[in-house]
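Can you read through this structure? Questions will come right after.
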Amino acid sequence: MKLIARQRCKLNLPILITAAYFAALPTWNYAAEESPVTIPIHRLSLDVATKAATAAIEACRKEGVNVTVAVIDRGGREQVVLRDTLAMPLTLEVAKQKAYAAMNFNTPTSQLESRFTSPFSPGKVEGIVLSAGGIPIEAGGTIIGGIGVSGAPSGSMDEKCAQAGLTAIIDELEMSL
Amino acid sequence: MKLIARQRCKLNLPILITAAYFAALPTWNYAAEESPVTIPIHRLSLDVATKAATAAIEACRKEGVNVTVAVIDRGGREQVVLRDTLAMPLTLEVAKQKAYAAMNFNTPTSQLESRFTSPFSPGKVEGIVLSAGGIPIEAGGTIIGGIGVSGAPSGSMDEKCAQAGLTAIIDELEMSL
Amino acid sequence: MKLIARQRCKLNLPILITAAYFAALPTWNYAAEESPVTIPIHRLSLDVATKAATAAIEACRKEGVNVTVAVIDRGGREQVVLRDTLAMPLTLEVAKQKAYAAMNFNTPTSQLESRFTSPFSPGKVEGIVLSAGGIPIEAGGTIIGGIGVSGAPSGSMDEKCAQAGLTAIIDELEMSL
Amino acid sequence: MKLIARQRCKLNLPILITAAYFAALPTWNYAAEESPVTIPIHRLSLDVATKAATAAIEACRKEGVNVTVAVIDRGGREQVVLRDTLAMPLTLEVAKQKAYAAMNFNTPTSQLESRFTSPFSPGKVEGIVLSAGGIPIEAGGTIIGGIGVSGAPSGSMDEKCAQAGLTAIIDELEMSL
Amino acid sequence: MKLIARQRCKLNLPILITAAYFAALPTWNYAAEESPVTIPIHRLSLDVATKAATAAIEACRKEGVNVTVAVIDRGGREQVVLRDTLAMPLTLEVAKQKAYAAMNFNTPTSQLESRFTSPFSPGKVEGIVLSAGGIPIEAGGTIIGGIGVSGAPSGSMDEKCAQAGLTAIIDELEMSL
Amino acid sequence: MKLIARQRCKLNLPILITAAYFAALPTWNYAAEESPVTIPIHRLSLDVATKAATAAIEACRKEGVNVTVAVIDRGGREQVVLRDTLAMPLTLEVAKQKAYAAMNFNTPTSQLESRFTSPFSPGKVEGIVLSAGGIPIEAGGTIIGGIGVSGAPSGSMDEKCAQAGLTAIIDELEMSL
Amino acid sequence: MKLIARQRCKLNLPILITAAYFAALPTWNYAAEESPVTIPIHRLSLDVATKAATAAIEACRKEGVNVTVAVIDRGGREQVVLRDTLAMPLTLEVAKQKAYAAMNFNTPTSQLESRFTSPFSPGKVEGIVLSAGGIPIEAGGTIIGGIGVSGAPSGSMDEKCAQAGLTAIIDELEMSL
Amino acid sequence: MKLIARQRCKLNLPILITAAYFAALPTWNYAAEESPVTIPIHRLSLDVATKAATAAIEACRKEGVNVTVAVIDRGGREQVVLRDTLAMPLTLEVAKQKAYAAMNFNTPTSQLESRFTSPFSPGKVEGIVLSAGGIPIEAGGTIIGGIGVSGAPSGSMDEKCAQAGLTAIIDELEMSL
């Protein structure tokens, strides 16, 4: 497994550079070396995911707004969903879809708004919202999941709260990988 | 419960001011005070909801058109749906989605048309139409639900009929809260 | 029932004039007179609906293309669907949705393309395509259903074939109402 | 149109007799006579549909329960949906599906429970619940729609309230056809 | 392509025998011989599919009932859907799902009712009804599609009408393959 | 509002008694008294809902299993969803549906398994699972929401964890109403 | 069957010329000649479809990216789906929808982006993405299926990999038809 | 990360023993020790997943049947889907749902048929088929994904082919963990 870990770091760097325009998904060049049987996909523990979600809720409460926050894993499945007491039902769907979009494109959704503009581009696919408020959870070049926020008066405030959620866990996350 | 009531009124005012640009959802700053166990969500009685829906139908009949009107509660669930005799089946879906959008954004849908223009912004999420004809049901700074109308020759006439529905109940609603 | 029939004719004319801008749905002003218990909704017999669909298929065959044609009733339910031998599977969905749109708005879909342009206007609702190829089935001021065609190299050819379908039945339809 | 009306009455009777075992849908033997161009499908006016729905709500209130009632037309589209103030959200879906089932099979849903027992029989199709509480709206041998109730402590009480809704309009309905 | 044709015939026979218990899908033993690049899937022309559908409608009209009939191709896509004038909207879904089930299992749906009885067996999958009224369209050991009927007072009458549809085309179908 | 509060308490008691057989939804007899304009629907604050969800997670961790827990409000909308680190994706759907079922029927789902046995009874409707693990959140005769757990080796352990979640908040909940 | 084969070739050529602007679906003019009973639809063998998919995966690995590739048949059904080890879940949906779009329009999806721009044109229909990365599988004037790729940093790289997949099989495909 | 690996092994054993009755999902007792930040979820490389899928296809070809095989990862997302040349479209859905069910319950689906028998138990949830043909991919006490097969004349043959798929990779899988 050590070999794999090194291999991943070695490969990710040039890929991130050449594909930086589009927020490339870090990938694995199996052809170049003997293929592994399995690879590890890192998933937040529930405890850490909840810490991030709670921090996002609190950051928005400080702004005086009730929001929904969703944290999803690398498979796109919900780990934590918290809807603040007065947040509207629609925020559930929007928060989840922002988190899912950010994870899939490994890019904050605020940067995806201008990237997909044709009405039937991949942004059309069900389950993703490309609007500020979602950010990928990523550490050490590894995508781990996504966090999305909905319900604030503006997308930039949604994003600020999502960022506060990520900030609350990024240090221990970086150190653990 | 009295404390809660006062607290809500006290908090809503500044929030509505600072967030007026986006039609902020009135929220609750739990951090600042001891948290309540439950909060009351106000729901129209069926009788009052029906009065609003009937007034909307009649306002549009006066214009010579048959429409559908939908009244939903704060959880986004239908309370009353009336489709006038000759209104088309599509008006069912459109009226419900306008009501749901207006409630979620606490804003008439006529004002949402220009707010969400990117094709994959939150307006994309299933279940909402951002087009004139939906208005929030709100009184005393509290969001109670939404009313939506579809089927008139123009969105502005849809909105006019929805407004007639709200007007029919607003006085007793304001006095009851 | 005779009173009803006269009443409908009398009312439809002025409504169609005042609301012509938007292709108003003919409606009924119950307030003005005693309300009927039921109203008759006219539905094509299967035989006549099939005649229309077959004429549309043949019109497109003459152009050298295989299309799908759908005929729906006033409730928006399919009466006839014919997919020509080599027409693609996607044409099934598109033909049905054009027919449904044309019926609901009582307007050829070619005229709806420019009417709904905001991405979250009623055109967003699932089940309708606003693109040339759908036309309402209407006679004597009464909306009876819709016919939609998909699969030709252009929307205008789709519409031409749909029109051929309607033309094949319009005379007997007009005479029967 | 007169010929049609007579033809329908003449034909419906023997059909109802021969097919009584299964609650046959009254049909039309086009082969036997010259085919009509259109046939009239009778639809309740909104006013009459609302009267039925209100009577069902009130009948259940007298039993001390809050229910949802749905009235649908012959195309299966909602005309009136009333959810009493405290009725649960699930009752919306159940009431609509009972009404739709009763209309489609022209049979009270209480009689359909034992008819479809295999897990993948037509009862499986989405949109129908085969449980007491739905009854067809039918008069003079003509199916006009369906009414469904959900939310009472038992299906038989749901059905009793639905029946109260139908009873409130059956006389004027019978006389009008 | 000649080799393929012979190969198919040679192989199908023993497979049908060994797997007859479950209505085996005729398959191809690529391992045993050089693999073809493509194989031909036979599809009814629209004209022949319509002939079958019309015969099914007429067979049920002779019984005094209005039904819906659906003919689908080997990819499970609708070729023809005819809903008789008074058939209920639910029959659309049921007829299609019977046709799709019969084609997929290459077995009349009347024989599938007793085969899948556990509630979460493959019969659970959306899109299939396992109840009399669907039969596969098959000739010369080749599955070509399916035909399904819904709306008669009993499943056996549905099946009888579907069979009448197949009978109307089976001879020319057998001769053409 | 005081009148309402007293009225509710007064009315709920006899209703719960007469309808105890089926876990009656507490309702409101508007006919008997002057109708209120709105009624208050009680919703847990996020903080209390999270306390319940966390207690359920921990109760199952003590049993050595990772589960998902969902808390929903009276409108059936998610307030908190926590999926423990190794819980399977399917547990998300099952936990939500148990919570929703328990709330709608105001009954633990373990008691609903034997109540709905016909395959097309209301249990068929999408969005509910009738299997042990869901319990209503109810206090002082008022239904407030539901809590559902999925992922334990048995439904009874799921229910035990859900009950632990409710136990963690029931005292402050009872006192607050 | 020989007549059919000749007939198809004879007809396809002029149609492709006159309708080249829109990438016409090759069709069959049954009216002009006696209609066939069935026509053959060519489907790739699994072995050849897998060869194409594998070549697409490898072409993208050489670029340092992990993608998903989907190959569908003429009925729009998946034959092969390969998601490379680190490709995101969203790429599954996007790859399938690009393949389906390319097949239905018999055109690379990169050329469809500018063709459908109105938000409610046929591009709106569920199941298709009109963005570079999908190409039809076609040989000898016959449409056989589609191949779609998603996950590369740009749509043009997706298309390049899809093209590599088609290139890997085009020679044997052309020779076999 | 080493601590984590040891911890997992140490904990899984007793859990599997105590919960063996129900095919317990191996879980993590965070309470007992300091909680990890992330845990590794093992995913097959595409190359190994394809090897398993191909072996399943070939095992069924040897039996003379064409099937679909699906391999999914621990997040329930497709990695490989292969539909053999003549397998029916329905097999796509069934194979995926068997794989997903087997993974979620960490149990062959053949053993789940008798476990969930009430019609509204968790087996009701959309996306799972509980019928022989799906088996979990598991090694060293770790669940990695699932493999499902559909299309053989019996579920036991489906399962035999799925098992052949797993057998083809189990040794290198066991050694790699």
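In this document, chain identifiers A, B, C, D, E, F, G and H correspond to the written order of the chains, with residue numbering beginning at 1 in each.
What we mean here is this: contacts are C-beta pairs under 8 Å (C-beta built on N, C-alpha and C of every residue); 3 or more make two chains touch, one makes a residue touch a chain.
None of these values were measured; they are calculated from a predicted model.
Each step here moves to a touching chain, and the least such steps from chain B to chain E number 2.
With rounding to the nearest 5, the Cα superposition of chain A on chain B corresponds to a rotation angle of 90 degrees. Chain A and chain E, compared by their mean Cα positions, are separated by 47 Å. Mean C-alpha positions place chain A and chain F at a centre distance of 31 Å.
A straight line joining the Cα centres of chain B and chain F is 27 Å long. Multi-chain contact residues of chain E, defined as those touching 2 or more other chains: 30, 39, 43-47, 75-77, 84-85, 89, 118-119, 124, 126, 128.
Applying the touch definition to all chain combinations yields A-B, A-F, A-G, A-H, B-C, B-D, B-F, C-D, C-E, C-G, D-E, D-F, E-G, E-H, F-H, G-H. For chain H in complex with chain A, the touching residues are 1, 28, 30, 35-48, 73-77, 144, 169, 172-173, 175-177.
Put simply, chain A touches chain F in their complex at residues 43-47, 50, 57, 75, 77-85, 89, 92. Those residues of chain A that touch chain B in the complex are listed here as 58, 61-62, 64-66, 84-91, 93-94, 97, 112-113, 116-119, 123-124, 126, 128-131, 150-151, 153-154. Those residues of chain B that touch chain A in the shared complex are 11, 14-15, 18-19, 21-31, 39, 75-76, 100-101, 103-105, 118-122, 124-128.
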